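Both complexes shown next keep subunit A, but they swap its partner, so subunit B is in the first and subunit C is in the second.
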Partner chain A sequence: MTLLLNTAAAGQPGTHVLAIGVGKYPHLLDGDKKLAKDPIGLGQLDSPPVSLKAFLDWMLAPAGDGTGFSNPAVPLASVEAVCSSKAPVTIDTPALGQVALEPATRDNIQVAFEAWLDRMKSHADNLGVFYFCGHGVMVADQHLLAEDFGRTAQPWAHAFNISLTIRAVEREVSGAVFFFIDSCRNVPRGLALTLGADPQALIGADLKKNVSCQHVTAVYATGEGQLAFAPIGGHVSRFTSALLRAVSGYCGIKSPGEPTWNVDGDSVAAAIRTLLQYNEPGKDRQVSDQSIQGPLVPLLRIGAPPKVMVRLDLAPKERRSLYELYLAKGANRVAQTLVDQEFKVDLPRGVYEVGALDPHGALPLIRHEDEDLVPPIYMLTLKSQP
Partner chain B sequence: MPIVFVHGVNNRDGDAYRENEQARDGFLKEIVAPALGMKPGKLQVLSPYWGQHGVQFAWGMAVLPNQSAEFEAFGKDAEAEARGRVAGLLAESHADGKIVDMARKDFRTAIDLLYASAMAGAETEEEARDLAKSYELAVSYAETSPQPDWLADAEPGNFADRLNHAARASDVESFGAGGILDSLKEGVSRLLNAAPDATAGVAGRLLRKKLNATITRFAGDAFVYLGNRGTSDNPGPIVGTVLADLRKASAISKAEGEPLVVIAHSFGGEIVYDILTYFDPGIAIDCLITVGSQVGLFEEMKLYKVSSPALPPNPPVGRVVRPASLKRWLNVFDTNDVLSYQLEPVVEGVSDFHYDTGYSSFAAHGGYFMRPSFYKRMAKRLAQG
Partner chain C sequence: MKRLHVSLAYRTSDFGRPNDPDAGVTLPVKALDADGTVLDEGSASSLQPANLDVPADTGMAYVRLTWPSGRTETQRADLSNTNEAWVTFSDAAISQNEWAAWAVPKLNPQTPLARSESPADRRMDEFNNVWLRLWRFQDSVWKREKLRPIDQRRSNVATQMDLELGHAHWLLQVGGSKVTWRFVAVPGGGRARVLITPKDSKDPRADELKVVVTSFRERAETLLEFLSRDAMRSVSTLTESVSFARHLLSEKFEDPVAAVAGAYYLLRFNRWDSVPLSWFENLSTNFAWIPDTAIVHCARLLRSGSEAHSKRFSPEALLQQALSRGWPVYAEGVSLLQEAASLLKSNSAVDASYIRRIEALGSATAWAGAATSFYGRAPDAPDALHWVGRPQAPRRHKIIRELVKARSSGQVGLSIAQTPHVIRGGATDTPAPRPRGPLLQAAGGRIVKGVALGEDDEFLIGNIARLSSL
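Entry: the complex of A and B
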């Protein structure tokens, strides 16, 4: 219910954003109100307010400088957000200065959603973005928990069914909608075995209506039955980090005949998956999931080619400092010479020669021609044979 | 490192701790292995099953006075069986299912009972290992917080949530709860649901019928073993089954340069002793743990292959020598367990340890491996070297 931006022009398509962050759950573990009868193991979260703020800062950054939302065909028209956090969350806005966000209770989420949906319906080519970061669970459908979850004996009255909400939105709007759902999708057995634990959608899906929207992308932070994570101590979550990295110049496809690169549902979802995989070796693996329907519609139109995060290494590690690691494309060549560390560099996408050479000529040359560097990341460990 | 687990008499596929083999292996790997300085995933547990070579009753125990139902079943599915085990656990230990009330009186015991109940339904070794890891955290938490504030207003519905939340240590924040909580909540649910069964006597009837059949099969298995154990040149099927896994484990132990630990429950102790003194005295075992065993009793009765009335020459002062290939021998007994015996008075170089299963009379005999605290105690003893 906190409108951070509203620059919609009558008769013009625009991008309308609804962002929800829930870190404070008074009725869950370590909360400051009466504990829910069954808290399903859930407690307070530090990351969602931080992740939400990072997302909103990116959305509200000036368009065109490569660090924020940019889509001249459907410019940013409105941004609405609610957030529950131990400390108030304030957002720097271009027109209103610092604005404190209202809490993400179920009622506030409902009101904010309906206002967002009305704005979405105001033009057939509008583009919508729905972002959520907080607790989630699933059985057949995925449910997202509002701040007041557990306040009453009917705890699920304070959650909402995002799966059915998406199906409903598909029938309510004409433009394209992107959902980014940063929450867990594990299946608590207690929930699965509880009759009546059926959170409502934010709007009912009228199945008499055909699907009307041009395109829907839904990217979920994790796979079915899996957990989503954030670094401990109030940092941006893994999923939101990957999302913001992907849309900050690390994915996109050239628009034929135009000087722009389009970031659509396919490219952003693939980039998020790849970045999550790169970030998370080890036990708490998190791989995103996605659903993409309809013809692709650009979420972003950016004026620079996407970059590739290059991570070039050499094995065995003892030989790294004996080599020059390089990437070359035509006359452009970047290199790291005689340094005992991984070579990290950002490069435009393209086909490169990638290799390692010994400046003194003692060790064998390692060379891979025609390596296709595709956003968001290229990783290779060159092998120096004995 | 290999551990060989040799079961005792009265074990048939389908019996309580045979069904819980995966749970037992999980606790051995996560609690005992680290105490021995090894990674849980590297521990290999070999469990030779010799029950199929035990006694067969031609008339299906028709001679029992109450043979109408050898075992009373709580149901056919896995959860019903788990609930049945928990009902037995409650009845045997004289505990009720009021986990929160128990926690307020004795937090550590409540944790042990909760994890025993959760463990009763463990379906995979992975789940058991996760439970074992979670149990370690819960016990550490209880040591530092023997009576946490949250217990005052805890309820059965959120006891597991609060324990798990307070005890867990994580380097990441997750936007949901992990699977271990489900296992614990099912443990609480089993305790709550099994309590009426236990107090209404269903478990009691189960126990009485089991007791009668169990004693019968115990004696039968022992007679079959003694009659058919064979010779060192031609070992009988029970000895052959156990010997094969002991030799396999010995080979792993030598190849990896890791110690070989053998855990023998009940009559399994007698089998291992017979093997180490007669069938294959060359198998080097770093530590043998006999649990609820009768090794000393059988030596008193001079029933082993190498038993001799002349050895030792001066009982009760003298003792028989520990098998030469055995470096260390711990013998665990429970005074409530009418089938467990001390060993120190009969064999030299053995350490007897008392463990209270919390069960009564005959029920204590099978109770050791259902209690997570047993693994913890075992690990501590092993780590003491």
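Entry: the complex of A and C
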């Protein structure tokens, strides 16, 4: 409903983005409208508007230095978004200035989706990005809840079946589509069934048509039956944080014959999973899930090699301050000398020599040749033998 | 150009098909420069090295091997003064126990099998009372069969058994007082090997025990392991081209299980139209004992649109046919079943029971790599509820109130789909059945053909003794 960018050129392939954030659910717990007959234990969410804004800001940022969307072969052509939040969400756009987003009701989502799908169909090599952040439930398929969920006696009329939507899109477009679904998938299936949960897809799957889509990647914030999390207090969710970190220069492959470092479904899904694992080592573990169909297609094409978050440590810890921890590749060398803490540094991916040396020469050298630093994270604890 | 010859010094099983060029362990390898740019990639096997070409000005190259688990091993190759070099990756040190080495690439990199044991490792002794049952799908019913390992091994962190399985669909059931009851599909049609080891992952979904299965179809199984993890780049490298999948599929009469793997690859990579439709038809028509054959045929028809449908072969009929043959052997088949069920349900007003059965399977899915695995008490009734305990005294591991409510209110729950019958195995390999109490019947035991399921000796993991030679 709210078109933030539309620079599509006739006859040229482009990337078309649809982003949906739902934090305000007036008919769920703590909402400001009549409570749904069964709110299924769900209430208001602080994170989706913030996460959506972060996602859109990244998408609309000028490409470069690992920020912003970059794919010269399929440049950004359109960005459409809807968002439901207690406070209006505005986005800074390059052409239109500040734009307030319209609410993510089921109707608005439907209209935005159909417009996005039409744009996707305008060229065989178009690339699509679909982002959702809000409540989700897992029945046999995954269902996502719009703002007006629970408004009527047919609560599921205000949700949509994303699994079936993906299968339908595969029959409608020719290019590649990436779905990033930041929602829980944990509501017990039995509960959902008692409500007669069977929402419609955003478009029906026409079985007369063959699967025409070149590639589909769907990355889910969590595995089936599991929870997705966000820090308390209205911060970007864990999944969206990991997604934005991954696409900001922390993943990518340069394949034979390719001039650029490409980020595809395989590499971005793997990077998100690793970042979630590293960023949230506590009790509420969140493991993302993905489904990839068709030969890999680059989502991003980046000129610079991806970065690796290096976390180099030494055990036993009491010896850390006696050593210089270093990484070296050719003439490039970075080091942390005589400091009693983990050595944290970002480095371009590649094969490095990693080690620890005693500047005073008393302790034995620790040296690992040919350490393959693969994005997004490299962690190693060197062992100093007694 | 300069050339790298990359070999795998990995043990090859003695139990693959004779003269099978795909019997050796096969893994994807890449040649990289110091910046991590991929110079070339290919698949190396224990029977045939990969030949990777790199630019003529390459001085130092790095060769990276990738396991299905995601773990990598990198070696350098100095090409400064030569036009070719040889690199060999060995499995000599990947496991403490030679017999368990085959499973390590399929397990989490942190698996205790791959390192020296530490006091923190969970040991198999904790699981001595975990029980195992073997089920065979025959004549539209699941029959329990006596578990008769033809070889068995055990260490502190793993147990392994070999089974000789006929042309049928087989499930291994595992359960215990702290081990959720679940089923793992084991390919039939020859010798199969099952390795069980304590969990090696912090994934909240991980079960207490990991189960890894092989039927000694190395290349096809490695392909399926990568597919089950959505490691598409590795799959592409492993197959090198669609021709490998075509080759697997074309060999269906020699090895239909491997042909199924080829079909799964073609479907996943949207290359299903690179082989004639008749290949899928032949697969599903001639190998009814493998449920996956009807599944891939059904998925092929759904992908190609209704023009390819016929009176003889329709997606609905094939889906029902697949379910009449049991559950898919491979997890890839579960995904395709769900896809087919979702599509057909959305295009039909009929609330078919076979759709509900597939939804029940989807809701009960567990993880066993490439093999199908699901929770439940009986093989015909995948169950989202988690059950633990002895077979005669099941209890809920996790109480999911809403699921209980769904059942007691008479609503259609995903976990109570109507399914084929279960009967006890043949009289030749089982003791005489004894009547069982009401608790057992309530827990899923059924009286079929007038025979009550009996309480009998269970096969316990503790039965597998440590061998002195280990």
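Convention: the second predicted complex is superposed on the first by the 375 of 386 C-alpha atoms of A that agree within 3 Å, B and C clash if a C-alpha of one lies under 4 Å from a C-alpha of the other, contacts with A are read in each partner's own complex, and residues count from 1 in each chain.
Simple rule for what comes next: contacts are C-beta pairs under 8 Å (C-beta built on N, C-alpha and C of every residue); 3 or more make two chains touch, one makes a residue touch a chain.
Only a predicted model underlies this, so the values are computations on that prediction, with no experimental measurement involved.
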item: Touching partner for A:Gly350 - first (subunit B), second (subunit C), both, neither; value: second
item: Which of subunit B and subunit C A:Leu207 touches, first, second, both or neither; value: second
item: Residue contacts on subunit A - larger count, subunit B or subunit C; value: C
item: First, second, both or neither for A:Asp32, with subunit B first and subunit C second; value: neither
item: Touching partner for A:Lys254 - first (subunit B), second (subunit C), both, neither; value: second
item: Subunit B versus subunit C as contact partner of A:Asp266, first or second or both or neither; value: second
item: First (subunit B), second (subunit C), both or neither touched by A:Gln293; value: second
item: Which of subunit B and subunit C A:Ser47 touches, first, second, both or neither; value: first
item: Contacts of A:Asp141 with subunit B and subunit C, given as first, second, both or neither; value: second
item: Residues of subunit A that lie at the interface with subunit B and also at the interface with subunit C; value: 188-190
item: Of subunit B, residues touching subunit A in the complex; value: 153, 155, 157-158, 160-162, 164-165, 170-179, 181-182, 185-186
item: Sites on subunit A touched by subunit C in the complex; value: 139-141, 163-164, 167, 171, 188-191, 193-194, 201, 204-205, 207-211, 213-215, 223-226, 253-256, 264-267, 269-270, 285, 287, 290-296, 305, 329-330, 348-351, 369-370, 372-374
item: Residues of subunit A defined as touching subunit B within the complex; value: 29-30, 35-43, 45-48, 133-137, 182-186, 188-190, 221, 227-232, 237, 284
item: Of subunit C, residues touching subunit A in the complex; value: 32, 34-41, 62, 64, 70, 72, 74-76, 202-205, 230-233, 236, 268-270, 302-307, 315, 335, 338-339, 341-344, 346-347, 358-359, 362-363, 365, 384, 400, 402-407, 409, 411-415
